[in-house]
Every structure is written in structure tokens, then in C-alpha cells.
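Two complexes follow with subunit A in common, the first pairing it with subunit B and the second with subunit C.
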Partner chain A sequence: MANSQLNSGNPRVDIEYRRKKSAEEMKQQVVSFALMIFLTLIAFAAVAMKGASAWFVVPFILLLAAVQVVFQLYYFMHMKHKGHEAPSMFLYSGLLVGLITILAFTTIIWW
Partner chain B sequence: MHAEEKLTHETWPAEPEKSTLEAKNKFLGFWFFLGGETVLFASLFATYLALKDKVPDTTHTLAKDLFDLPLTFVATMLLLTSSLTSVYAMYHMKNFNAKKMNLWLILTLLLGAAFLALEVYEFSHYVHEYHHTFTSSAFGSAFYTLVGFHGAHVAFGLLWITTLIVRNYNRGLDLYNAPKFYVASLYWHFIDVVWVFIFTVVYLMGMVG
Partner chain C sequence: MSTYAQKKGFGATLWDYLTTVDHKKIAILYLIAGGFFFVVGGLEAVFIRIQLAVPNNDFVSAGLFNEIITMHGTTMIFLAAMPLVFAFMNAVMPLQIGARDVAFPFVNALGFWLFFFGGVFLNLSWFFDGAPDAGWTSYASLAMASKGHGVDFYVLGLQISGLGTLIGGINFLVTIINMRAPGMTYMRMPLFTWTTFVTSALILFAFPPLTVGLVLMMFDRMFGSNFFVTTMGGNTVIWEHLFWIFGHPEVYILILPAFGIFSEIFPMFSRKRLFGYSSMVFATVLIGFLGFMVWAHHMFTTGLGPVANAIFAVATMAIGVPTGIKIFNWLFTIWGGSVKFTTPMHWALAFIPSFLAGGVTGVMLAAAAADYQYHDTYFVVAHFHYVIVGGVVFAIFAGTHLYWPKMFGTMLNETLGKITFWLFFIGFHMTFFIQHFLGLWGMPRRVFTYLPGQGFETSNLISSIGAVFMSLAVIVMLYNIIMTSVKNVKVGNDPWGDGRTLEWALPSPPPFYNFKQLPLVRGLDAYWLEKMEGKKGMTPAEPLGDIHMPNSSFLPFVIAFGLFVAAFGALFNMDDKAWSVPVIIIGLLITFGAMFLRSVKDDHGFHIHKEELMEDDNDKGVKA
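Moving on, here comes the complex of A and B:
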């Protein structure tokens, strides 16, 4: 557990180290927020400019959404931290089943 | 460590959300739930994509004439920002600062409530201006089920976080309530994850045609 690595035996040293670490993480999270806003702006701009063809815009904005969700999951929801093996398995299993459902509904259903 | 133990700045663990057995179970169980939610929302997206613009006759409004870019943009900014404020709340939770954590959680609630109000306005606008209702077409049913389910998740999140703040207001932070706050923040981020796909797949792709 990450806990044991952070214990030097001296509570004062520990607390300083931890404060520094969480401040550092907070900085990374603010940067990912800025990137998420930036990706959102690009996606909305791509749709607002009516010139581009749907064949380009649709895959492009889907890619931007996927990148943004990676930031949300790995930085905001801490999936990049140790001890998230089981959460990753749960999430990706759910995603696999979900994507197959989407594939089925969008390809073999028509009327 | 014991869940009810009185802790100080110095004894507060680095990972309070996983420091007791109950907390570990909660953490794991909640992620399992989020895996299930992924399947649930994916199947609603699948239904929406299959039924998009499937209307009985030409009097019905289709996606590209229905949605409004500025409104969706404002809603997206509100929810994205509320995700950041809940990150700040968890930063203060890790630093054993209950007051600041509550402050950021209240900000999160306000942004979430604003998002929900905007969605209520949006739905009533569709109903009154375009007669786009739950029963008007297959498109309408699929749209309100997907977006409405997300809205219901936001509403539930607001109630959940409000209850946590009220219940623990004078208690401060301990290893009994820290995991509860942590899990609620995970839920709030997940709502944002779903919204990223809703604004992309439903609104932006709807406007592209």
C-alpha cells in the first residue's frame, strides 16, 4: 500500500512530504482540467464551423471525447494510481460489453 | 486503523479512502457498480443510436433542427467545472481539512443544480416548441430515456452529496466518513464521463447530421 512508503517514522517529515505530493497532484489535475476544456472547445468549434464533412467531424469529435474521458478517469478518478487493478478490470469489462452492444444495435438493427 | 478513531493532521493516513477494511470494500464495490453503470449507459446509447431520427412522419423535428449549440455548451462547462470543484474537495479531504472540503462540495452542488435547471428548461423547450415528447416518436423515447437517465443520476448525486454534508457537518473527518466522500466524488466524476459522450454523440453528432 502507498501508505507504508510514505511513513518515515517522523510524523513531521511525513506530513510535509504528503502535502507536497498532493499539491503536485492537484497541479496535474488543474492541467488536465485545462486540457479537457480545450478539447471541448475544439469539438464544439468543429461542429459550429459548418464547412467540414460529417465523415471527418464525427470520428474526430469521438476521438476528442475518448481522450477527455481518459483524463477524467486517470487523473480525476485516480486510475493512474497504484491499487486500481480491480477497478480497471471492472470498468474495461463493462466497456467491452457496452461497445459490443453499441456495435450490434448500430449494425444489425434497421427499419 | 479503526474507523471511529479521532485523528489529527499527523495521524491522518495518506489514503484515507482505503485505510480500513470497510473502506477497501466500499472502494472495490463502488468501482464494480461503475462497471455496471458503464454497461447500462452503453445500452442506452446503443438504443439511442438505433432510434435516432426515427419518426412516424415529416411533421416531427429531427435532431439537427432540435438541438441548440450554445445551450449544450453552457451545460457542458457547468458540469466539467463541477468535476474540478469536486477534485478540489478531495484534495482538502486528503489534507484533513473538513471545512474547505465542504466548501468545495457545496460549490459542486451549486454547479450541478445549475446544470439540472438548464436541462429542465431544455426539455420543456423541446416539448412546447417542437412537440418533441417521450411518446411522440421512437426518437423522442430514446432521447429522453438516455438524457433523462443521466439527469436523474445528477439529481441523485445532488441528494447524495447534500446528505453527506448535512450528516457530517459537525463531525469533522474520520476514517468512517472519508471513504463515503471519496466514493461520492467518484460517482460525480462518472456522471461527467457519461456527459462527455452525451454531448458528443447526442448533441454534436446530432447537429452534424
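Moving on, here comes the complex of A and C:
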């Protein structure tokens, strides 16, 4: 896995390189954290806004939620790093199975 | 720890198995428990065939007949076929990838005990006012109307054993992803390991819908909710969807490991590498993938509408393509090989035409318009027995003969094995082939009797005589197992002489740590490769060192037992029994108490030291 430790005890570890990597990582995390707060504020604003119909607000909030999940998985849970092929394959397979189920339920049972 | 070869008393052996976390011993537990339930389900099948042997029979009453067919289906799928398949996965898969155990040995034991107590709970229904009687699919419209506690036993028993299956599947996934020996890339994994992998993924995604369905039904029946009560705005069709979203992948959960076992047998006894290995892997994954898009073909006559029926019909027929790829690959594996007609090879050769017949009727049933004719007739019964018996049960028999030496260190008698095969093969086709015609002539499924003069008499009698042959076959095999165990003639590493994969490089049965040194895998059919270069065993991939092993534990048994107790409380709660709530609480306390104990008590396992490994056995020298 790529979440490697700085104190690995390996004498050949390039500390400078690691430090730069970590700083970059930290920057991305702060940016995505700020973005997530911002998206949450937008979601609240959409609900508070007068005149916006539920047909707009509900899908809009769901879309924002999906974006947040992506941030969470890729920036905070390191899915963008190497070595996460198996977890992402299973996540996407599960997503596919779940979506097909929802699609089927909404199209042939309830409506 | 060089004491494992000592003779032990019965009590010590029993305690050993109750507390074991060793995948090889858990495999034996699965084999025994699954074998027991297979015999129970088989007896139920015999009762069905006795009842239907002649028209207007009164061997069992109509109500009892419903209970028998329900329990036959439920037992055979959940308590016989799945655990038997799990037995081989547990016994062989870790050896095939060169691992010392599964990723979570404790959880592996827990999975077994959950399955076992769930199965026992379900079967105890026979002794408490009646077994479930709404069919193995337990459609909500029927199940909600069922009197007595039968369906509650079904719901709670399957919930508990389903938990065991789910954690077993997750365990296999983690094992295959993380614990392959050096050099064992994904595309060097034996086919049985591949099918175990895909099967486990199917379990991971298919069991949650069943769990959800069972929870909804549990609340409806025991706690007064209305998910499936149409008068209160519920919808019984939701159960059908949830059940089949689980139920269709479930049949692939059964058949894929069967494909895996046959994919080991064909190259072994044709003495040729498997034809089209990569296309086999591709087909396995594709079957698993398509398995989730076809569930509604079980519900064509529910009234989904022509568009939905057409989509699911086409998706269903698409599955014939990867399955066809597999069939041709097996045929090409045999073609030109130097075939040895051992007992496992008999089963494998008989599997191809038998399973193919089931596949062809499957495509017939997939044509939605035609399905309105076949629906709920014996044609469907014939179809699914051809795929499940002709596929899965044949594989279980083949696997039992093939892996018996690896699991127990003795060889089953080949002559008796072939007698078993011929009795079963003849009996199977005699019982089920004629049922295609019974269905086309109009005999409905799940009827407890029929009138004379409708043209069903002779065919039903033939079908029942076939069941006698199958019963004899099972008896011969049990005799074979007993005789082999009594004689107890030990065999070496590769008793078939043609082993290709890693498990045959190990002693039979393997030592409890499996590999003294993890092997270096240099290609597909790793052991065969080394043998062809004149080497006796695998090249080690690591120097000899201490091996870390997990401690045995009684807690998995206790955790599962607590749920078993709690299930009794939940079951009798609807009768307003005063003791039911305390029983639920006591049961859950046992379970959560044991889980708490497991969490707070440090259990670091133990090490087998290098010196002990060196003196352990001297027939195979330790290298480097």
C-alpha cells in the first residue's frame, strides 16, 4: 500500500522526497476539506432558498453528496494512490449491483 | 509443536475440532456437517418420490408434503451444497495459493459455527409444530399466511447461517488478494482458486439482499410490521425481487466452484494443461458479472411487463456464451490428452453432457413467451435438477474422491467409487429426464398427488425408481468412506500421480502449518512445472524461519451458540410467552459477551521455532 511510513527504518528512504510528497498531500487535503465545507454550505443554501422547487433541490443535493463521497474516498481514504485496485474494483462492483437494484425497483415495482 | 502426530482420545479430538481455527480441520467440519444435511435432504427427496410413485398416494398428507418439499430445497441449497462447496474451498484454496491459512482463521471458525447452528435451528422445526411449508423461495404472499412457526424457523435459521456464509466469503476474498505465495500472480492461480474468488465476490454482493428480505419478513411475522401485507399498503413482489436478486447469484455461487473442481480434474487426468486458461478466467468473471442482471427471469409470469421481460430474457441467454466457452475449453483439454479414467474423471466426463442438457433447457426457459407454458411445471423441476445435480452434486462427488487423500491421507477405493458413479449416473437421468416430459404433458410442480388416468403414472414410477439408484449410490459411497477409514492406508504427497497444483506438493494431509517454507511459484500448474524439470518438490521462496500460528479458541462456538439461543426467544415472542424476551437477552449476552472477551483479551498466537521445524520430519530435507 502507498500510505508508507516516514520512519520505515530503511536507510535508502529519500526523506526530502517524502517530505515534499507529504506536503503536497496535505495541501490537497486542506483544499478538498475546504471544498467539502463549501459544498455543504451550498446544500444548506439550496434548501433555505425561497422559490426553489423540490424537483431541483433534491437531485442537486444528491449530486453534491456524490461529489463529497468522491472527495472522501480519493483524497482522505487514499484511493487515488497505487495499490488500491482491488478495493476500488469491489467498491464499483458493489455500486453497480446496488444501482441496478434501485433502477429495477423504481422502474418495475413502484412505478 | 511436534506433538501433533500423537494419538489422542475421543474427548481430546472432539475438543480439538470444537476449538480449531485451522482451515483444514474446518474443511473437515464443513464436509461432515454438509454431508449430514445432504443425507437429511436426500431422505426428504426419497419421501417425495415415494409419495409421487403412484397416483392418489397417502404416504404423507398434503401439509406434510409441503413441509418436505420446502425443507428438501432449503436443506439441499443452504445446508448441503453450499457447505460442501465451502469444505473444498477451505481444504484446497489456501494450499493452492501457497498460504499457511486463510486471512482470518478465527473468523473462519466463526463462519462454520454460525452456519452449523443456523442449520440445526432450521431442522429443529420438525420437532416444534411443523417445518416451513412455503417452498424454498418462501414467497411472502404464501409465507405470511403460513400457520405455526415453520416460516419463522426458516427466517431465523437462514439469517444465522447466512451470516456465516457471508463472513466466510469475505475471508476467502481477503485471503486470495493478500496471501498468495511469491510468484503466484493472479493469472497463475489455479482455476479452482479463481472460481473461489469470483464465488466469494458473489457471496459478498448477493447475501445482503437476502439478509434485507429476511429482516423484513422477520419484522412482518414476529413484530407486526407490514412490508409484505398488501391490505396495509405493503407489496409482496418486493420479497420476490429481493429473494431472486440473492437467489440467482446463489446458483452461480454453487456452480462456479463446481466448474473450478472440474477445471482441476480435466487437466490432471488428461495429462495436459487446461485449454484456454485465460478465456476460462474471463468466462468465470463474466458469468459472475452477468449473474446479477438476470434475476427477474424467475418472475416472468409475475407481470413485469413485456419490456422488462425482454431485457431479462436477452441477458439470461447471454450467459450461455461464457458457459459455452467453458464447455469447449474442457472438451479441448481432453482432446488429444492421455486420458486416465479415474473416479473423479468419470464424474467430470459425465458432467459435460448432463450439465449441458440443463443449460439447454435453461435457454428454453429464458424465452419469456415460452416460459408462460413451462412455468410451474415439472419441466422447471427437471431443468434445475439437471444443473444443480448434474453440475454441483457431480462436482461434490468428484471433489470428494479427488481431494479425499489430501484431506484425510487415505485413498477412497476406486472400484467402489466407480460403482457409486454408475449407480448415481443412471439413477439421476432416470429420475429427472422423464420429468421434462411430465412437465410438458402438464404435471404441475409442488403438488402432493395426482389422479390416475392422466398419463402421469408410468413416468412418475420410473422417476421414483431412479431415486432408488441414487440412494444406493450414496450408501455405497458411505460404505467406501467407512472401509477406507478403517483400513487407514496412508498415501504420499501426490497419490494420483498427476497433481499439477501446489496442494499436491504437500504431504497428505499437510502439516498444520502447511508450508515449512513458502514455495516459489514459477508459472501456471506450479508443481507440474517442477516435476517436468525433474525436481521432487517446490523451490522455497524464503529461508527457514519461525512460523507464526493462531491459537485455538472456543469463542467462535460460543458466539454462534448465543445467536442460536436468542433465535428461540425471538421465535416464541409472537406467542406472548413470558420467557421469550429474557431468552433473547440471555442469547445476545452470550454472543456479545464472547465478542467482548475476544476484543479485550490479547491473543498473540504462538511461534513454531525453526529448530522444531528442522527436527519435525526428516523425509524432506530443509533447504537453504
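Throughout what follows, the second predicted complex is superposed on the first by the 89 of 111 C-alpha atoms of A that agree within 3 Å, B and C clash if a C-alpha of one lies under 4 Å from a C-alpha of the other, contacts with A are read in each partner's own complex, and residues count from 1 in each chain.
To be clear about the criterion, a contact is a pair of C-beta atoms (placed from the backbone, for glycine too) under 8 Å apart; a residue touches a chain by one contact, two chains touch by 3 or more.
Keep in mind that what you see is a predicted model, and the values were worked out from it rather than measured.
Q: Tell me the contact category for A:109 with respect to subunit B and subunit C: first, second, both or neither.
A: Touch partners of A:109: subunit B and subunit C.
Q: Using the superposition on chain A described above, determine whether A:93 touches subunit B (first), subunit C (second), both, or neither.
A: A:93: touches subunit B and subunit C.
Q: Count the residues of subunit A touched by subunit B and by subunit C, then name the partner with the higher count.
A: Here the partner covering more residues of subunit A is B.
Q: Thinking of the overlay built on chain A, is A:20 touched by subunit B (first), by subunit C (second), by both, or by neither?
A: A:20 contacts neither subunit B nor subunit C.
Q: In the overlaid three-chain picture, which partner chain does A:69 touch, first (subunit B) or second (subunit C), both, or neither?
A: It touches subunit B, and subunit C stays clear.
Q: Quick one: classify A:37 as touching subunit B (first), subunit C (second), both or neither.
A: After superposition on chain A, A:37 lies in contact with subunit B alone.
Q: I'd like to know which partner A:80 touches here: subunit B for first, subunit C for second, both or neither.
A: After superposition on chain A, A:80 lies in contact with neither partner.
Q: Would you mind listing the overlap between the subunit B footprint and the subunit C footprint on subunit A?
A: Dual-contact residues (subunit A): 86, 90, 93-94, 97, 101, 104-105, 109.
Q: What part of subunit A is in contact with subunit B in the complex they form?
A: Where subunit A meets subunit B, its residues are 1-3, 6, 11-12, 14-15, 18-19, 21-22, 25-26, 29-30, 33, 36-37, 40, 43-44, 46-48, 54, 57-58, 61-62, 64-65, 68-69, 72-73, 76-77, 83, 86-87, 90-91, 93-95, 97-99, 101-102, 104-106, 109, 111.
Q: Applying the document's contact rule, which stretches of subunit A touch subunit C when the two form their complex?
A: Touch list, subunit A to subunit C: 86, 90, 93-94, 96-97, 100-101, 104-105, 107-109.
Q: Can you list the subunit C residues touching subunit A in their complex?
A: The contact residues of subunit C facing subunit A are 173, 177, 201, 204-205, 209, 235, 237-238, 241, 245, 292-293, 296, 304-305, 308.
Q: Okay, in this complex, where on subunit B does subunit A touch?
A: Answer in residue numbers: 9-11, 13-15, 18-19, 27-28, 31-32, 34-39, 41-43, 45-47, 49-50, 54, 69, 72-73, 76-77, 80, 83-84, 87-88, 91, 94-95, 186, 189-190, 192-193, 196-197, 199-201, 204-205, 207-209.
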